[in-house]
Amino acid sequence: MIKYAIILGNLGNTCDRFLSAGYKDQPSKETMIRQASGISGVKAVELVGTWDVTKDNVDEIGGLLSKFGLTCASIIPDHFSQKRWGKGAFTSKDASIRAQALDETYAAAEMARVLKCPLINLWPGQDGYDYAFQADYRKERRWIVEAVSEAAKANPDIKFSLEYKVKEPRTHSFMARAADTLLIAKETGLANVGVTIDTGHALAGYENLAESAVILSDYGRKLFHMHFNDNYRSWDDDMIVGSVHFVEYVELLFWLKEIGYDSWYSMDQYPYREDGQEALRASVEFLQGVDAMLDARSMAELRAIIAKGDPIESTRWIRGKLFRK
Amino acid sequence: MIKYAIILGNLGNTCDRFLSAGYKDQPSKETMIRQASGISGVKAVELVGTWDVTKDNVDEIGGLLSKFGLTCASIIPDHFSQKRWGKGAFTSKDASIRAQALDETYAAAEMARVLKCPLINLWPGQDGYDYAFQADYRKERRWIVEAVSEAAKANPDIKFSLEYKVKEPRTHSFMARAADTLLIAKETGLANVGVTIDTGHALAGYENLAESAVILSDYGRKLFHMHFNDNYRSWDDDMIVGSVHFVEYVELLFWLKEIGYDSWYSMDQYPYREDGQEALRASVEFLQGVDAMLDARSMAELRAIIAKGDPIESTRWIRGKLFRK
Amino acid sequence: MIKYAIILGNLGNTCDRFLSAGYKDQPSKETMIRQASGISGVKAVELVGTWDVTKDNVDEIGGLLSKFGLTCASIIPDHFSQKRWGKGAFTSKDASIRAQALDETYAAAEMARVLKCPLINLWPGQDGYDYAFQADYRKERRWIVEAVSEAAKANPDIKFSLEYKVKEPRTHSFMARAADTLLIAKETGLANVGVTIDTGHALAGYENLAESAVILSDYGRKLFHMHFNDNYRSWDDDMIVGSVHFVEYVELLFWLKEIGYDSWYSMDQYPYREDGQEALRASVEFLQGVDAMLDARSMAELRAIIAKGDPIESTRWIRGKLFRK
Amino acid sequence: MIKYAIILGNLGNTCDRFLSAGYKDQPSKETMIRQASGISGVKAVELVGTWDVTKDNVDEIGGLLSKFGLTCASIIPDHFSQKRWGKGAFTSKDASIRAQALDETYAAAEMARVLKCPLINLWPGQDGYDYAFQADYRKERRWIVEAVSEAAKANPDIKFSLEYKVKEPRTHSFMARAADTLLIAKETGLANVGVTIDTGHALAGYENLAESAVILSDYGRKLFHMHFNDNYRSWDDDMIVGSVHFVEYVELLFWLKEIGYDSWYSMDQYPYREDGQEALRASVEFLQGVDAMLDARSMAELRAIIAKGDPIESTRWIRGKLFRK
């Protein structure tokens, strides 16, 4: 039984560098939480630090989640939305900023405990570089390992999941792809450090979604969390799931079942110009459709198809689903 | 009623730069033509100069086509598969090669008449450049216009359709995208010069397939021909149609109906490791499935969806097709 | 003698979708204009509607430009930074928004006259689409032609230059590439409508910068304006010119001289994390360096190299410049 | 002192899928080896199995290398150029093919001993997949680890270096990027298994060359070998080094010095339409120019620039080199 979640802020206003005030109006926290609970199948939300949750409002947010029957699937500490993080959080060349990035992580862990949230999703989006001769690849990568290790060691009751992304807001991220992020997770030597796949980040990095999930699972069961959205493979367009691709999601969900992934399927979109709740519902409904397609018989058929590896058979199977009478 | 065709050579051996002898064995012409006729819905083939047809075997090929109830949808003159074309055909810096490229085009027109084939598909793949400071963009582009104009003026009974491709075998083609190729077609001032969309070439150039079809149609009904295949949007992978994308093809076929495109839907693939006939059949069956989906009711629904332009509605429509009970 | 300009806002604050309040502080208009005048070689600025100039402050801005010895190279009407443009300006499905987009263009023309500015640079960034079945490619493209025609016809003393960009903020722009935008310019039939190349937009669309300049020039001298920046070829990173590429800019400046381009070389960057003035100065200095390299002797050498088209020679020439003693 | 090598076959004929007979004529082995020795700075060649060296001609090749004063830097076993490898070598679903892939590796090790060659460069180009539901990501990845482990354990006197490539000839390779290939190397637990960076493969995968080198070095000194060529960042164009990029190579060579890389700098190009020897010489001369630029003073300057990380400074440094008087 798939557990669906959404990132709460996806229901709020969205902006970009040209329209910085945003494409929509910002609803109240209660409105957003109510809307989340109104999406059939959604049982939890993810909360972004600063944007959604701070130590000042954490109790209030917890109350609202309870009121609407939701739990907190993860907290994403704010390492990207304030001026101080502009040149990096864990990898800022300024030691005091690096210390603040760690503080922010600890604070997120505290909030997680308040909300009985099991996982911190770390997306230090500013930790990367833009230009040649800007980063000390050796030293700065090590800083990430040290910071993650320290936070995870100090909070063994919480999982820390590293979300990779090939680029944006920097032209290059340190945690860019599944395997390089897995290397960091493994280097910590800690069982509570793993990796998050965001389907859009993986597609933009020319990864095969299913393969990345299998690699993370096989090297020590390190696939901790999943973010879902869609795009045109060259940028993190954060679109409705299934609006561009179909086969990839079927293959991904097939393999998530095969490897026994049992954590959240969480929506992470930027519905700039769409109704937020409807856009998230559309994604959940798409995944529910794919999930229903993957019944025991389909799973067995697909296993047999993979064993032979002939695209004549796999594409026939897909057409059978697309065009069934 | 959609008319399907295939490029005959898709049924033959395929090679690449690493496995130059090819992944398969080369069947006889008769075998390939018989196989083409065995794909339900296929009524014609396209023939590539040198590879499939020459003035020496054109009568024999014509006889085989008749025998198996096929016609010739187009001839693609060989402007790419011989050493002499290596540095360009219409844009070779060697005037004698340019003359030969034109001769080859005339020869194709002759063969077209023998085969009652209405269209020459020009894909001068070597006409481009690899390095900076290699091409004289002004002069060489003009050479293409001049050659195409001359050939088309001399053969007014034949359509000449220019097939664009963003790159390969050169790192940059002169006829790279829909609009720049349309400019060349229009510059000839000839009604019998138009443009071919190869879906894979367009996807690799980050074009929206449907939009390119509409542009070519709107600027003087210049969409003359269509090649179908699929890929991962960054290279001309020449895969089975529908193996990667679905929504794009639905939108493309919708618009091909809207603009009244009535020429061939021709498969152009490189089934390196698959059974050729099965791979082509798979593509035709996929397009037949999409075509059947686009009945009058669907067309009306999609027109209404486009008029509003809300992705909530379009993605709901798509899910309705994907997951219908 | 190359005339350099900058887009004034490049000296101001910059934000993105994650750090919407911006990476820097916003200086006063006077500070920005003074800084612009402090970049050696820069003689003009481009002004963005709403951000930099409105009918309320146009006289004040004009005064400041005079005070600091600058002219106005172009005005870029605001068709992208307000909620009302979120779903398109010239191609909004709402006729009243389309009317407002035209009003904004007329207002820019008025301001241009006040500032003795010869050119309106139209970048209707929101005019595109994100999803399949969202745009009516036929109708909406026509709306652009009609709006541009009307504005340009009504303001024959002003040049209107259409700036293309393959994507962002929409996943697909209507004016996406050099040739499709040229088609629009030509369709107006007006001598005062042309095209702007932004080097970053062209690189992100896999265009060869020099080739695009030549095409626009050759089809009726339609290259009206140039924006300069650099990127990694897959997104509009808006970086310092020459920070990633070198050869491309040498080839571009060579051809700009060959075709007799005599309008502005204007910097268009997003120095999110850098000192704005220094980042712009760096770009101008890079172009000045390339320009100095292209003396009469170099031009003659490069003409000879292009005539032969051998990359052995062109790369030797480049190494000679890179590694001269 | 940098040691330069070339892949011998770069001096021979080259073909692609459209011009399968090749763009040039095939010279004799002696001619190619003589030409290699005629490139100033080149002290070794890499030999490709089947194409360049087999057990039948290995003594003859060894004699020719001696005669022309060259050594053998690496052998690249043929896991890609014969029909039997078409659907994979180490990951073929056919166990007998997998056994043959291992045999081929052992045979290469034997030849390496004959030639006193210290390294086997494994590029199993056919080990990947094209379509969804074609590969068993779990099982097939494990087959690679097992085969490499067995070969490397049995030949402890030889280094085995895994060359990654994001795609081609398959649409997806199993060893696709630096980090996922490093994971395989580490999983063998063997000191004589490392990774090869091909600059073109890394660029096509949106890797930063220098960062990949540092990562491989830092996780256990696993950077064993380097292949050099250039491209436009979206495909393995195999062009002359420095024909497209400059800054990237400066940064790469800076870091190769910093991490103490002391193995070969080997050219790996496909000069389809250029004189092979001249194209390889051009690349070596480019790297020699960059190397000379990176004297002790430059190294110190660049270290200071990286420590601050300000692109204003790094781009000024680059301009200083580009435009020095």
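Lettered A, B, C and D in written order, each chain numbered from 1.
The rule is short, and it goes like this: contacts are C-beta pairs under 8 Å (C-beta built on N, C-alpha and C of every residue); 3 or more make two chains touch, one makes a residue touch a chain.
None of the values given here were measured: they were computed from a predicted structure.
Asker: If you walk from chain to touching chain, how few steps can bring you from subunit A to subunit C?
Answerer: The least step count works out to 1.
Asker: With contacts defined as at the top, give the pair, B-D or B-C, that has more of them.
Answerer: Of B-D and B-C, more C-beta pairs in contact link B-C.
Asker: Report the chain whose mean Cα position is at the greatest distance from that of subunit A.
Answerer: Chain B.
Asker: Any idea how many Å lie between the Cα centroids of subunit B and subunit C?
Answerer: Comparing mean C-alpha positions, subunit C is 35 Å from subunit B.
Asker: Suppose each chain is reduced to the average of its Cα coordinates; what separation in Å results between subunit C and subunit D?
Answerer: Once rounded, the distance between the two centres reads 40 Å.
Asker: Going through subunit A residue by residue, note those that touch at least 2 other chains and give them in order.
Answerer: If we look for residues of subunit A contacting two or more partner chains, we find 87, 130-132, 167, 206, 232, 234, 239-240, 243-244, 247-248, 310-311, 314-315.
Asker: Given the complex with subunit A, which residues does subunit C contribute to the contact?
Answerer: On the subunit C side, the touching residues are 14-24, 80-83, 85-87, 125, 130-132, 167-169, 171, 231-232, 234-235, 237, 239-240, 243-244, 270, 272-273.
Asker: Note which residues of subunit D are touching subunit C in the complex, please.
Answerer: My answer: residues 206, 232-234, 239-240, 242-248, 274-275, 278-279, 282, 285-286, 289, 292-293, 310-312, 314-316, 318-319, 321-324.
Asker: Subunit C touches which residues of subunit B in the complex?
Answerer: Residue positions touching the partner: 87, 93, 129-138, 141-142, 166-167, 172, 177-180, 182-183, 205-206, 208, 210-211, 214-215, 218-219, 247-248, 250-251, 254-255, 259, 302, 305-311, 314-315, 317.
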